[in-house]
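Below you'll find the structure, written out as structure tokens, and then a few comments.
Note that the chains are named A, B, C and D in the order they appear, and that numbering of residues resets to 1 at the start of each chain.
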Amino acid sequence: MNRSTYIVVGVVVVLFLLSWILKAVSLSGEDHRYILHGFLITMSAFLTLAIFSFLYRDNPFYKFAEHLFVGVSAAFWMTQGFWSTIVGNLIPRLSAGFSEFFMVPHQPSPWNIAYWIPVILGILLLMRLSAKYGWLSRWPLALIVGTTAGLNFVRYLRSDFIVQVSSTFVPLLGREPHQWQGGGAFISHLDLSATGQLAALLTNWIIFLGVFCGIVYFFFSKEHTGVFGRASRVGIWVLMITFGASFGYTVMGRISLLVGRVTFLFRDWLELIS
Amino acid sequence: MKNKCLMAVVLLLVGFSGVAAEEEALAGDTLVTDPMLLFPAPVTNLEGRDSDNDHGHSVDLSWELSPDDGAGQRSVMKYDIFRWIPTLMDSADVIRSAIGVALTAREVDEVPGADWNDTLRFLRDVLDTLIVQFPAAHAAYPNDGEWRRVGMVPSGEGCFEHSGPKDRLSSDFLPDYCDFRFRVDAVTSDESIRTSSDVAGPIQCYGQWFNSGRKPVLVGVLVFGFLTILMVSRARKGADLYVRPISGIEAVDDAIGRATEMGRPILYVLGLGTAADVATIASFTILGRVAKRVAEYQTDLIVPTYDPIVMSVAQEVVKSSYLDAGRPEGYNEDTVHFVTQSQFAYVAAVNGIMLRQRPATNIYMGMFHAESLLLAETGVEAGSIQIAGTDQIAQLPFFIVACDYTLIGEELYAASAYLGREPVLLGSLKAQDYAKAAVVMLALLGLAASNFALPWFVNLFHVID
Amino acid sequence: MSVSEKLMRLDRRWVFLLLIVVCVFTFYADFQIPILTEPESEAIYEFIDSLPPGDIVFIAIDYDPNAWAELHPMTFAIAEHCWRKNLRIIFTALSQNGPGMADQAIRDLSDSLKLDRVYNGVEFKGREIVRGVDYTFLGYKPYYALVILGMGQDFRLPFPTDYYGTPLDSLPMMKGVFNYDQVACVVSVSGGTIADAWVSYGQGRFGFPLFFGLTGVMTAQYYPFLGSGQVSGLMGGLLGAAQYEELADNPGRAKEGMRVQLLAHIVIIVFILLGNVGLFVSYRRKLKEGR
Amino acid sequence: MKRQLPFVLVFIFGVFMVFQYFAPHEKSERIYEFFLDWIYIIGTFALALGIWSLFRVSVDKIKNHKEAWRYSYVTLAGLYLMIAFGFTQRVGEPWGWYFVWLLLSLVCLGSVMQARAATSTGQKKKYAAAALVALALAVVVALLDDAWAFYFYTAEGLENSMFRVFFDYILIPILATMFSLLAFFIASAAYRSFRARNVLASLLLVAALLVMMRFNPWIPGAEQVARASNWLMNVPNLAAQRAIVVGVGLGMVATALKVVLGIERGYMGKG
């Protein structure tokens, strides 16, 4: 760290203290722990700016915020997991004794014995820390992967596959399904207004062809040449249009997040706007 | 202490029998027979049967509307559904409420003692013994039991589903395998003017072992499973299977080479998925391949992980790749390390790695959410070559914009097969393609069907849950 | 370095700077912008608007505080609309860090309902919003998929008591309300994969009308469900919320936010155009040199 | 055995889950619920692995003075503090010596680190001594001060206001700010890569521009742009999404099947 760095750090520290004091003073009216809260608000403002400073370039403040964030969040999730899952979910099922120790209502049931299995598996998982019995940790993995794989197998077959297929059954000849009364009727019913039958049909056709070409693009076991190639080319075009569109669509959400932060800085910290 | 609790329970029993009595007054079948009044015609053909495709505890009732439904003076306003309930079930209810009281008592009890638990255990045993006797009690119809209203439907409706929870502790628990008897009253605007139907029953409810509504899925499972197994076995026999080149994957090897030349590490990000997510599983296979190359070229590999289980699996994978490459000594436990299970803390840390250790190549494969662009843009800033692949459609645009190569959706899964070049994996890829062809075919047929009035075909795909 | 190259190789920090400037500027500038509504959000508005008083709307506040900026406006707009129409609401908060925020939101809402207001020319008298009568807040339970399934059986399975510990049976509005059958529609305002669960575990199994309020990034992903009829209408990001506010004639956070949105978008568009101008010019030069 | 048994288990569990989907019966339901619970519980056990790994890496950084090693102290401090908050609880109204105690215990841990990292035995001794002193003081404070207490046996810790405070004032701000960086990155990414270099890039560009202008009331033909972008989101988007979803869906189904059948084994460490 060279001299300029020290100066910058020094300035920031001074500003921090200044903000703390001012904040505490301004809070001292309404709440009695104003010193603590002054510090906390200043702290979160500091952290916010530290992260933003990353936009300029990597710097000690960002490093500080980053490392703090990692440590705190890791601990947060572990503590949460312990209390909510182990104590909240498992202990009451294991034994009355444990439940009393952890002061959670015991839930007796003939099936409770089954809850020792995850405990054993969990311990097996920890085995991976030992070089000798590490291989035991594969059993719990087997349970997790196996069950989820089985679940995914049917769930996606149903929701992503069958439903989506059946929903491509769109009318391409008439406004409503099941109403093909032959060419004459079709022509006579055709109206050309923007919301009319023709428009609806065109939409359906485009959707259908889009899906078709898209699926063609995802064919792996056939060379993309000739008609097939052209179809897959159209497919990738459709994909690109979609990606462009949803990119543009997302911008808005991201800006709102920024607004949220700026609001915090200006209203809660600097109190420049009400 | 224990006696105290039991006292409380006993008191409760007394109190509740009183309540039960009041209920009777309300519920018992009250046929006012006054010649001056015109009673509506009763409903006919009252039928009940166990509801389909469920776990039991539910009965479907249906009947033909009373002729007076919605007709002038004697108009029927609603139908009351009655079930014959043996008194035994009341005592069960009492026990249940006693259990509830005991539970709350244990909550507020400042010194939690085992005796509350004993009481609860005792009560639960009593409840179980009672529940065991339910079928017998129902069989005893019409002795010691009474008709209770279990539901009502407005006039004009000729069906009712009488269902309860499967939890035997809840008050409206509906036992399986009991001979229920039902009766429907046609009620006029004046509650007291009603006509009862004939009694329907005995009707039992029970759970099914097959949900017939899901046949289409079953067919799908069977067909797809068969297809895969067929293709894999063909591949094992050594049928050569073409897989079109996937640019992103071609690039991986060059990227590793580049990193070696520059003497800079390779960053492999497995994303936010759990070890069971398909994307992550595919990513593991790719990681294995990358790690093998890295081991051969003696380049550094950094794999920060988000999920501890993913971490342990990834360690397995990398370790065995180093073994395959014949450089077990080159493997270091901390190559794959855990960061934190918080999305943005993870991103912050990975961004830090990118800017400080300056990896020559960043590979993102797996499940990504909002962090995708944060990672990719920082990677650009750090001047790394970036290869991404995810099945999260929402994140594809960002990878496509910010990375040099992107595996779109299914390409990620295909990649693992393409890399491994193992016939079995290629075989299953082939199976997927056939399935896709089938999709297109079905879609075309379906279109034809839906346009030329063949609803039965469309209905084949209708999954009832 | 030539002008065209400059245009193409601008340091990205200029973009950042300009964005910040715009963002801050809008806080102080005071101007309004018109909002154009779209059928996706109109679908929701019209459905809710057409419900008779007393019907129950199920609003799932399925997001964490970090999606607050985008999704809160939707929750506010819809809930206020419902209450102004004397509909009753069941809230849940199926997202881990959500409940506290949801609770606060409900309080704020019921305060704002005390005021008399005029929407679309209709005069609405302010009234007291009573817990258990006008709404029930069920709160949070882990494993949302299971919760959604459970509520299909009976709300009392996952939530024997509401968020404040009151047994559901002792809440007036929950009398005779057991599961989705008694609910007019479900609106899931969601910032994550919970939306999927609502489709596959909720609507897929119990077939109620399902509406989504989604963050901008998710929206595109959920259009297929709109097409396949599994979802009956959706609001995408702040714009969706603003449209609802426009429809309900209830300008709030979203319309406020749209001002920043507009300027920020313009900034980005301008930069994109600059880049392409640079590209175009350099092409032209290459062509010239080619000759 | 070592290698095969896991795959047998995967097969059994996988097949059961498939079976369960078709069997609404109460018994199959119950087992299904068990499995779901188990997974969460095992996952929590795994967190311990993670924390251990994080700890090891940080300590290693400090020991070998790797890149930005000083900051690893911050990580460890954060880790320790948050866990401490999770298991302690204020009893009296003021915090008493709580923060002093935290500080002392931090100092203690810090000096232990230093002692381990130290090269010369002299330094080692110095740090070890410091650690012991700090530890002793911390114990004394913990014993004498009754304004707060350890809670190893109830979730009271989570009620500890400091746990909440750290969540609200440390985690949430950083999290939200990291998230909001996206606003900038999305802009720079758009500027850098939305260039009409070739057909695909142009399509990307045009679509994006159109959608980004959709609610801009000041451009000519705002109505039409809005309608056009709406059409983009509804028609081509719908088509592409569906194509990808079908592909991805199939891929997932296939991979799931491969896993259940033990064809895909990469995830168990056989790259």
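Throughout what follows, a residue touches a chain if its C-beta (ideal position, glycine included) is under 8 Å from a C-beta of that chain, and two chains touch if they have at least 3 such contacts.
Bear in mind the structure is a predicted one, so any value in this text is a computation, not a measurement.
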item	value
Chain centroid nearest the full-protein CA centroid	A
Among all chain pairs, the one with the most C-beta contacts	A-D
CA centroid of subunit B to CA centroid of subunit C, Å	25
Whole-Å gap between the CA centroids of subunit A and subunit B	19
Shared-contact residues (touching 2 or more other chains) in subunit C	12, 16, 19, 66, 142, 204, 217, 219-221, 224, 227, 239, 261, 264-265, 268
Touching two or more other chains - residue numbers and ranges from subunit A	51, 54-55, 63, 65-66, 69-74, 76-77, 103, 125, 128, 138, 141, 144-145, 147-149, 152-155, 157-159, 161, 163-168, 207-208, 211, 215, 218, 239-240, 242-247, 249-251, 254-255, 257-258, 260
Interface hub residues of subunit B, defined as touching at least two other chains	214, 217, 221, 224, 274-275, 278, 281, 309, 312-313, 316, 338-342, 344-345, 348, 352, 356, 370, 393-394, 396, 398, 400-401, 408-410, 414, 429, 432, 436, 439
Residues of subunit D touching subunit C in the complex	33, 36, 40, 172, 175-176, 179, 183-184, 186-188, 190-192, 194-197, 205, 208-209, 212-217, 222-223, 226, 230, 233-234, 237-238, 241-242, 245
Complex contact set, residues of subunit D against subunit A	2, 5-7, 9-18, 20-22, 30, 34-35, 37-52, 54, 68, 71-72, 74-83, 85-87, 153-155, 157-158, 163, 165-184, 186-187, 190, 199-200, 203-212, 214, 229, 232-250, 252-253, 255-257, 259-260, 267-268
Complex contacts: residues of subunit B adjacent to subunit D	53-56, 166, 176, 207-211, 214, 217-218, 221, 224-225, 228-229, 232, 274-275, 278, 280-282, 284-285, 287-289, 291-292, 307-309, 311-313, 316-317, 319-321, 324, 333-334, 337-345, 347-348, 352, 356-357, 370, 373-374, 376-378, 380, 391, 393, 396, 398, 400-402, 408-410, 412-414, 416, 420, 424-425, 428-429, 431-432, 435-436, 439
In the complex with subunit D, residue positions of subunit A that touch it	36, 40-41, 43-45, 47-48, 51-52, 54-55, 63-83, 85-90, 101-104, 111, 114-115, 117-119, 121-123, 125-126, 128-129, 135, 138-157, 159-161, 164-165, 167-168, 203, 206-211, 213-215, 217-218, 235-251, 254-255, 257-258, 260-261, 264
Touching residues on subunit C, where the partner in the complex is subunit D	8, 10, 12, 15-16, 19, 33-36, 38-39, 65-66, 142-143, 146, 219-221, 223-224, 226-227, 239, 258, 261-262, 264-269, 271-272, 274-276, 279-280
